[in-house]
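Just dropping this structure here.
We call the chains A, B, C and D, going by the order they appear; numbering starts again at 1 in every chain.
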Amino acid sequence: MRPDTYTVLIGGKAGEGVKKLAQVIAATGLQLGLHSFQMDDYQSLIKGGHNYSLVSFSPIVIHNAYHKADLIICLDELSYTQHLNDLADGGFIYYNSSEQTHQQGIGIELSKLMKEHYKNPSNPSLGGLAIFCAHLGLDNELMLRIIKISYKKNIEENLSFASQVYSLIQAQSKLPDAISQAPGLHLFSGNQCIGLGAWAAGLDTYFAYPMTPASSLLHFLASMSAKLGVKAIHAESELAAANMAVGAVVGGAKAAVGSSGGGFALMQEAFSLAGISEAPLLCVLSSRPGPATGVSTYTAQEDLLFALNQGHGEFSRIVASPDTMERAFSLATELLSLAWEFQIPVILLTEKHLSESAQSIRLPLGDACEATGLIHDALEPYNRYQITDSGISPMLFPPSEEIIKWNSHEHLESGLRTDQAAAMVAMKDKRDRKREHIALACARYPRIAVYGSGSRRIFAYGSTALEIREALQNLDDSYQLIVPIYLEPLPVDQLLPYTDSPALVIEHNSQPRFATFLKEKIGLETRQNILKYDGRAWDPLVLATKIKEAFDA
Amino acid sequence: MRPDTYTVLIGGKAGEGVKKLAQVIAATGLQLGLHSFQMDDYQSLIKGGHNYSLVSFSPIVIHNAYHKADLIICLDELSYTQHLNDLADGGFIYYNSSEQTHQQGIGIELSKLMKEHYKNPSNPSLGGLAIFCAHLGLDNELMLRIIKISYKKNIEENLSFASQVYSLIQAQSKLPDAISQAPGLHLFSGNQCIGLGAWAAGLDTYFAYPMTPASSLLHFLASMSAKLGVKAIHAESELAAANMAVGAVVGGAKAAVGSSGGGFALMQEAFSLAGISEAPLLCVLSSRPGPATGVSTYTAQEDLLFALNQGHGEFSRIVASPDTMERAFSLATELLSLAWEFQIPVILLTEKHLSESAQSIRLPLGDACEATGLIHDALEPYNRYQITDSGISPMLFPPSEEIIKWNSHEHLESGLRTDQAAAMVAMKDKRDRKREHIALACARYPRIAVYGSGSRRIFAYGSTALEIREALQNLDDSYQLIVPIYLEPLPVDQLLPYTDSPALVIEHNSQPRFATFLKEKIGLETRQNILKYDGRAWDPLVLATKIKEAFDA
Amino acid sequence: MRNLDTPKANTWCPACGNFGILNAVKAGFKQLFDQGLDPAKLMITCGIGCHGKIFDYLNISGIYGLHGRAVATASGIKLANPELTVVSFGGDGDSLGEGLEHTLFAAKRNLDMTLILHNNGNYGLTTGQFSPLSPIGFRGLSTPQGSAEQPFDAIPLLLAAGASFVARSYSANPKHLAEILVKAVMHRGFSFIEVLQPCVSYNNTYQYYNSRIKMLDQIPSDVYEAMRLAKDKDHSYLGIYQAEKRDLFEDLSSGFANPVKESPAFRERIETLRTMYK
Amino acid sequence: MRNLDTPKANTWCPACGNFGILNAVKAGFKQLFDQGLDPAKLMITCGIGCHGKIFDYLNISGIYGLHGRAVATASGIKLANPELTVVSFGGDGDSLGEGLEHTLFAAKRNLDMTLILHNNGNYGLTTGQFSPLSPIGFRGLSTPQGSAEQPFDAIPLLLAAGASFVARSYSANPKHLAEILVKAVMHRGFSFIEVLQPCVSYNNTYQYYNSRIKMLDQIPSDVYEAMRLAKDKDHSYLGIYQAEKRDLFEDLSSGFANPVKESPAFRERIETLRTMYK
């Protein structure tokens, strides 16, 4: 069974810095040698409303935040009423007593104090940080150092405000003891892992139009453009982004696009263009509840079949979904690399829960692979779509004396357009010949992940694996989680050994879409489905109970 | 075995009126009491190049044109060289001896004569018509009448040119004798059937952006707008068309959109909008070879899985594909009607081969059903998304004193937006509850078609059924063709009885996509696949041989 | 008189310019109701963004559509039933970025409807990225080093596309905006109102506009003068830039004038077909 | 000198204006080669339509992209490697209908590339439907009773969007077009050339243009004068309407100036990350 965890919940209005505070708190735990997982629940609004973040700490690796908190810090009244029930046994709740009076918990006059310390009172979350540090008996000096590093504006005011709040509070709890100093652990969001992975593999250009929960990938790469050189272009629409990306490939750049379902829907024609023109393209699809605009800031897995069947016409693609933050990094490198090896579009399918949550990990730099394509060597005259046994035609990029013609129509080897029957068949056959090679190449990488060795079998994919793995840390070892990472081509052979008994299938859908997919593709019988489709991630403890019940029943 | 057929092939340059001539010839057969099937092979160009059309006649119903012709009429030299091999045993070929000299066949100086009869020589196809009439011994008067009805411009010149050509030719063949006068037979293209079906069911507005092979549906409805009142709007893009269509529904109109794969890809976000906002919408997807621009003027079935998995997020849809021209009509009425009954988007999936080929049929007006939706009656206050047992919420259209709010976000019963967990679940559940009712409702209509009662079983869908049925008219009765018409929801129960032996699956794809679909959904074992993916329809005789071989092997 | 409020809690940032727009729109609609507009015939559409939330705050029928597609959905409503009055709310990202084509085609077509552009110079709802109307150098999360492209000018662009009614107003002057809205809705043809809308969170332009705002004396003499005034370096002129009579698309296009009201009954349709294809 | 012909059989209608464009473009490129443009660095893109077939008839590298997206693909090429010269061919349906947003954003951005608009006033390839530039009343298969919408004016629209180089030429005057093309390509920034292109099959405007064509004496004094001249009722003025110096998007946007040429090696990337996240 897992050692103790410690969970902090911070609630407040949008604009009060809740998310940022959660990051700072998570980073603080990291400094103390603890593993941490942070997730944010926020609404589609800019100021007001109610946001909250959860940060869970543990001496060992932690895959998901818990929902019952040992420490709740409420920056406003709504947070108190919303989260009183989320207090773990023996937990503490702090509230903003300038806004409310209550029996339970500890009141701090955050708003009043803020007015005393700031010219333009604006950052209640510094009070939250002080509560966290003081309540857990962290050193005042440590707190001041953290503030200086993390908050670049209003430094003096921040320091005095936080110090005063700190002085009002008594240490009453402590964080779990660290096992080691956990060197090399850094806090990464899933989107950061994807961005860094793609960049590591060779990404030169990223094209997108903002859409939650993919926007932060655009923001991250844009913020890194000065440092890493990568060009992050916010285009006029998703159609523009995707067609620009294909253009960038023609120009010789490694390119990626990203969006959520709605924006991805608008990229389908260009996705198909990448298919016929054989333009290597990495597409990141981060799902939120749909259909259409749906629910912008929550999580879901509704886009599985949509992703698998993107784009009109027949062409090969790879679809894979990371089950861990580390995998988000390594998979992004694999996928960009496979895209270039086979000159095909690939989809990295993920969800808000992975994209926007953050975990303390080591970037698996050793797993990174390079994206390189077969390049024409200049002896014979060049044909962009040379018919080959492997189906792979050498690429060539400008500047070149050779003529390089890419085409959205069916075409001859030269890239000139054709509508002749025999030529159509020849070119389709050429592209189809890649299929078996793709399947073989994917086998170079972990295509499924198996966690545990118990007989009670669970199937899931994507970030649902994070929730389940943390749930399983709270159960005995009679469980086994099977996670297909590559969904197309699906590693049927690798999965078949796990289909000898009916399994529990867990997914974030209202209908058992993933379960049906598994049934159709590998014949898996479902023992029971656990479906969640309210946009929220599971609390690992609640999920653990559900899992146990599913098998005990 | 089928009685005699008679096939005419007309070849010429684009702009020479080949397609029109084929229509006129097919209509002439109709007048003589013959059944006919016409199909056009043309390229994506406006003048020049090479187009040809096939018209096959038969005393009994004919499901597809034959490729070996009893009479070949070449308006230009290229037609001669391209089609000499298409001459059936005992057939005749006429060529334009102003353009070429040859041993075989009968030369007529079409170009020269044309110059003599026209001020601006422009319509060689009138010469073709004269050849057809004279060669088959049709009455001169009949020919002149046909010309007057069919060609509204240059009537005098047309008459004198055709008469002279007619006078140069001796009757050498005859058409098969008609069995009856086939009253009520009219020549309809698939797109015309779809358009008329949708209109019969209640279509008020059609929104599209031209894309072959769906364009002719826009053209047909636009041409009928004066007569039928239907508004056919050529919008600025497919995105505009699809969003306008949803708007039209909100405004109270029955609406449809249509495109081929590329344009459909651009409609996916709006398709998903129709899903969440519960806007009844008929979408016509007419496929051509892909991916991307692909091959614009040919046929394919590559979009099956794309169609089935359109749009991001989870929502119910119906996808069905007509196997006959008559079905194109009745299915369009069914689908518009189901769309309105369940307030969902529906897809009528078809191919160039059905959309643009024409057959002599009786419109099955008796099978038409009306599109009507559940309408709010004005006693209680209105909620667009009222939670009901059936999942169906009454609709209401302006003008109304009630507030009617449609929404692309997840929403409350009132149509106001929500991101609350419980409300999300409630609304998803409401929509999901429609599923079983949809399946039941579809059962009101023929969901599969079974042709023949032999033990040699063949599966196909869409226009491939036309090709196969005509092929089977040339084989003995040991075959049986099973055609799923409704593909989503798939009538599994109805299909299962036909899965007891491995079947031959025939489709226009380079990979056995439909076969895989059947395997996954109904466990059908494939005995062999017949795949054709060069954009061309089968010649029924060639296909008949292939089918026989597949079973004899 | 219809109460235009809804139970939905307002989630705009305190002091956001959208409040001014909401108030002005309510006032404008009330004036229109007074002048005989039937509330039962009023329909609204909007895109996705902070601006779009106005849909939830107005007790009026319509559709909360897709990002960028407000004008396309509005066009569909109008075409289906031209007796309806259709007003569309768009963001600058929405109507001049993602949905630029629909905005310009609506102007070209001259369907009788109104578009209110909430010009806050950024993508508010998605956390302040630059928009098609943000100044060059605008720093947002997607352009941390400053945007590299010059902005569109909404009014000249709409005029060039052929909009028959073009005006500008300011969210901090709801009285003016209400007046303009009334005129825009009364105008027969496509009406476009650019509303200058400060975004306190990402692009607080209150001071900037307060010091620049001036009123147009009259409708500019021609479209070029209108463009010149719209782009004036020193002043943001409010008022009507263009108000031209032009044929309506719905009057010129073929088919039924009102597809919904003239829609033939099922039996009639079948009879028509039976007669046509005897 | 590079031979610009390809083995592809030409399938334009005899006497189509596109032949004039093809000849002019070949002549223009040859002049540019003479002036030092490296053919190895020239890339073309096009949309789908009769115009797009020029891709098959020019022995130049590039991509035959999607309908409406020629400018977006071109932008991607240029952003990837700004040392390339990128010329894009668009139809009026393509660049001002389906792909309107990309055309106007390219103008706004001022990426250094050239768009040649084959303005034949209809959708040629899909059999003559009305286009965004067809006159009101145009009869095509989708508007058998005549189109119900007024056309865009390409040049005023592009000027309003901020295009830094704007010109008009005529396919029947390939010498003029070649000259304009040379200037457009030499211009640093987004260049737009509207080519009046008769379509003999669906919109034969030879006579119409022949009787209207005049040359601009000089670049108009300002953008409004330019718009006025572009919309002149009696004459179709050929020549340069605008040629303005403006910062280039590729120079202002952050990240590598040339992503392709500066792309770090794999090892370097891994090392960078190792250092950053020790």
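To be clear about the criterion, a contact is a pair of C-beta atoms (placed from the backbone, for glycine too) under 8 Å apart; a residue touches a chain by one contact, two chains touch by 3 or more.
Because the structure is a prediction, the values reported are computed rather than measured.
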item	value
Winner on C-beta contact pairs when A-C is weighed against B-C	B-C
Chain located farthest away, centre of subunit D as origin (C-alpha)	A
Distance from the mean Cα position of subunit D to that of subunit B, given in whole angstrom	36
Distance between chain centroids, defined by C-alpha means - subunit A, subunit B (Å)	44
Mean-CA-position distance for subunit C and subunit B (Å)	40
For subunit D, residues contacting two or more additional chains	48, 64, 66, 97, 100-101, 105, 132, 143-145, 253-254
Multi-chain contact sites of subunit B, meaning residues that touch two or more partners	43-44, 222, 225-226, 232, 236-237, 239, 262, 269, 273, 277, 292-293, 408-409
Residues on subunit D engaged by subunit B in the complex (per definition of touch)	11-14, 48, 50, 64, 66-68, 97-98, 100, 123-127, 129-130, 132, 141-145, 201-202
Residue ranges of subunit C in contact with subunit B within the complex	6-8, 38-41, 43, 45, 48, 53, 55-56, 59-66, 69, 72-81, 83-84, 101-102, 105, 253-256, 259-260, 262-264, 266, 269-270, 272-274, 277-278
Residues on subunit A engaged by subunit D in the complex (per definition of touch)	184, 186, 196, 199-202, 204-205, 207, 222, 225-226, 228-233, 235-237, 239-240, 243-255, 269-270, 273, 277, 363, 365, 368, 370, 397-409, 415-417
Of subunit D, residues touching subunit C in the complex	97, 100-101, 104-105, 108-110, 132, 136, 143-146, 148-153, 156-157, 159-162, 224, 227-228, 246-247, 249, 251-254
Touch list for subunit A against partner subunit B, complex	43-44, 239, 260-262, 264-266, 268-269, 271-273, 275-277, 287, 289-298, 300, 302-303, 305-306, 308-315, 408-410, 418-419, 421-422, 424-425, 428-429, 432, 435, 509-511, 513, 520-521, 533-536
